[in-house]
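Shared chain: subunit A. Partners: subunit B in the first complex, subunit C in the second.
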Partner chain A sequence: MALKRNVGLKGIKYRGGGPMLAWALHRISGLAIVLFVGLHVISSFFMQQLGSDIATALNTVYESIYFQFIVIFIVLFHALNGLRVIILDLWPQLIKFQREATWLQWLIFIPTYGMTVTIMILNQLQGG
Partner chain B sequence: MEVTLKIFRYNPESGKKPHYEKYTVEAEPTDRVLDLLEYIKGNFDGTLSFRRSCAHGICGSDAMRINGQNRLACKLLVKDLHGAQITVEPILGLRVIKDLIVDMEPFFENYRSVLPYLINDEPAPKKERLQSPEERERFDDTTKCILCACCTTSCPSFWVNEKYVGPAAIVTAHRFIFDSRDRGAAERLKILSGQFGVYRCHTIFNCTTACPREIEVTQAIGEVKKAIGTGSLE
Partner chain C sequence: MSSRPAPQIGFSFEYLMWIFTRISGLVMYLLAFVGLVMAFWMGAHQQVDIGALARWTFFPNPNHVTNTNIPDVTLGWSNAWWQVMEMLIFLFAVTHGMNGVRVIYEDYIGNTWGRALGRGIIFLLWIFLLIVGIYVILAS
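Showing the complex of A and B:
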């Protein structure tokens, strides 16, 4: 009897290279954004309705600078990668330049993220 | 040079679970992976099963996962793998029948679903249905498909759901949709705009990387998506 169809973890091990990694990161970052927004909604609910310690604890987590570093990374990556895929989907004749499009994506991402993080650190140091 | 092949083995008649077996063989850098598999089958274990036919990258029989990537065993040289160990596994997303042989029926069912033949009920001209070089060029890339399934079985959307028609079927549809002699484009585009059609493609590019014929698969899918979206074949 033939083996059942079962991809599972074998799919993760498939060596698709950079484009597959970008796709996986896009999915992961999408889930992370849902988690972050969910946390924000729950925290606001607790703060408004109960004014409880739970809200304060949640606020402490997502307002911490380290958490914000991660959030900005995730949102910026998700936005730029999504934009790249949308552009390639709308103008398929550009698909042959997808490698260049990925480079351009990182070329925009690195200075934008670097600048944002620098400003955040400077604000933090100034006690802002 | 000495090369160790780690091969996925499964024999439904033995009652054993799927496992890997290692074989060490002497190989030339210019040997193909298929040559090594043939050598192992001939000298170590005659029960090793895999598909092969032309052995020249035309028939598309010997698609397999080599070092984690879909390739044709007959087109891949040992020197291009840059290592003394080669892992050979069946392609993903299809049921394994024995060793490296998978059940291709779901793949061909998807292929048949896009009407992979010329549709034209108009009376045939006396000589032939003429086509300009430019009109022929429009779908030249997608005529190169050999139905090896390297693209479809490298696609995460197909791994999730085998009902997704998959890159190979869309490439074939593209070949006819953009053929000036064909009149079945509207019918095919309707099929491909359905639940298991082109919109399951998330522009991951695994198919383009895996294609042994170097077809721009993602671009072909993109052109079909655009044709559905705009209703135009321009």
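Showing the complex of A and C:
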């Protein structure tokens, strides 16, 4: 008897498109900011009040340029994507331009992020 | 796209938090804009590198601009105005963020006990972070 089921990898193929990727990134970036801000606030408290070693260690991580690249990516993405969500929620008739809005958002994100990172790398190379 | 359908308009916790998330998003933009413009007005263009400027814009604490070329942060960059700004940003950001954690948690945990426990823990974390943060703001 021949196998009637369609066995294959089609089912797991990613079909959500740009907006779904944006939604997943929004969740992840939101949680990441809560984690980052929460730890930062607590470590600032220990730094300020006790000059603690653990707080110094955490600050060293936070001050590393690679960590800053990640933080800037996450915060900038969450803020821009959040603005898109807010605008589309306030004017629901615009929802039909959802895909275009997502593209526009990346069109703003890429140069803003790219320029920031470039300037930071140049400063780093100058020993700034 | 919204993660869940927007809640029914009305006087419910879910709807109030949905509105609050959007309003606090806009308020954070406004507060960041004020911080950025005032930083340039105080001479950021000559004195502050881009990393410190980003930190200041997100949270205008004098410690965020101490390793820059500002001759004296106590002139303009560190006063009661910025402490109020910091407290506003912090209040909106932590409330927005902690409510976001609640929304995500409740999307995955369906049962009543799990939800009650989650809400309790998230509420305590929210209060705890607010107290610690405001202490740090007032002491810096």
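The rule we apply is simple: the second predicted complex is superposed on the first by the 113 of 128 C-alpha atoms of A that agree within 3 Å, B and C clash if a C-alpha of one lies under 4 Å from a C-alpha of the other, contacts with A are read in each partner's own complex, and residues count from 1 in each chain.
We adopt the following convention: contacts are C-beta pairs under 8 Å (C-beta built on N, C-alpha and C of every residue); 3 or more make two chains touch, one makes a residue touch a chain.
These figures come from a predicted structure and were not determined experimentally.
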Touched partner set for A:98, first subunit B, second subunit C, both or neither: both
First (subunit B), second (subunit C), both or neither touched by A:51: neither
Partner chain(s) touched by A:120 [first = subunit B, second = subunit C, both, neither]: second
Comparison of subunit B and subunit C by subunit A residues contacted: C
Partner chain in contact with A:17 - subunit B first, subunit C second, else both or neither: first
First, second, both or neither for A:82, with subunit B first and subunit C second: second
Partner chain in contact with A:111 - subunit B first, subunit C second, else both or neither: neither
Contacts of A:41 with subunit B and subunit C, given as first, second, both or neither: second
Shared contact residues on subunit A - subunit B and subunit C: 19-20, 23, 85, 88-90, 98
List of subunit C residues in touch with subunit A within their complex: 1-3, 6, 22, 25-26, 28-29, 49-51, 54, 58, 63, 93-94, 97-98, 100-101, 104, 125, 129, 132-133, 135-136, 139-140
Parts of subunit B lying in touch with subunit A, wherever the complex brings them together: 10, 12, 18, 65, 67-69, 89, 92-97, 103, 154, 156, 159-160, 162, 202-206, 209, 216, 218-219, 222-223, 225-226
Subunit A residues within the subunit B interface of the complex: 1-5, 7, 10-11, 13-17, 19-20, 23, 85, 88-90, 92-93, 95-96, 98
Subunit A to subunit C touching residues, read off their complex: 19-20, 22-23, 26-27, 30-31, 33-34, 37-38, 41-42, 44-45, 48-49, 68, 72, 75, 79, 82-83, 85-86, 88-90, 98, 116, 119-120, 123, 128
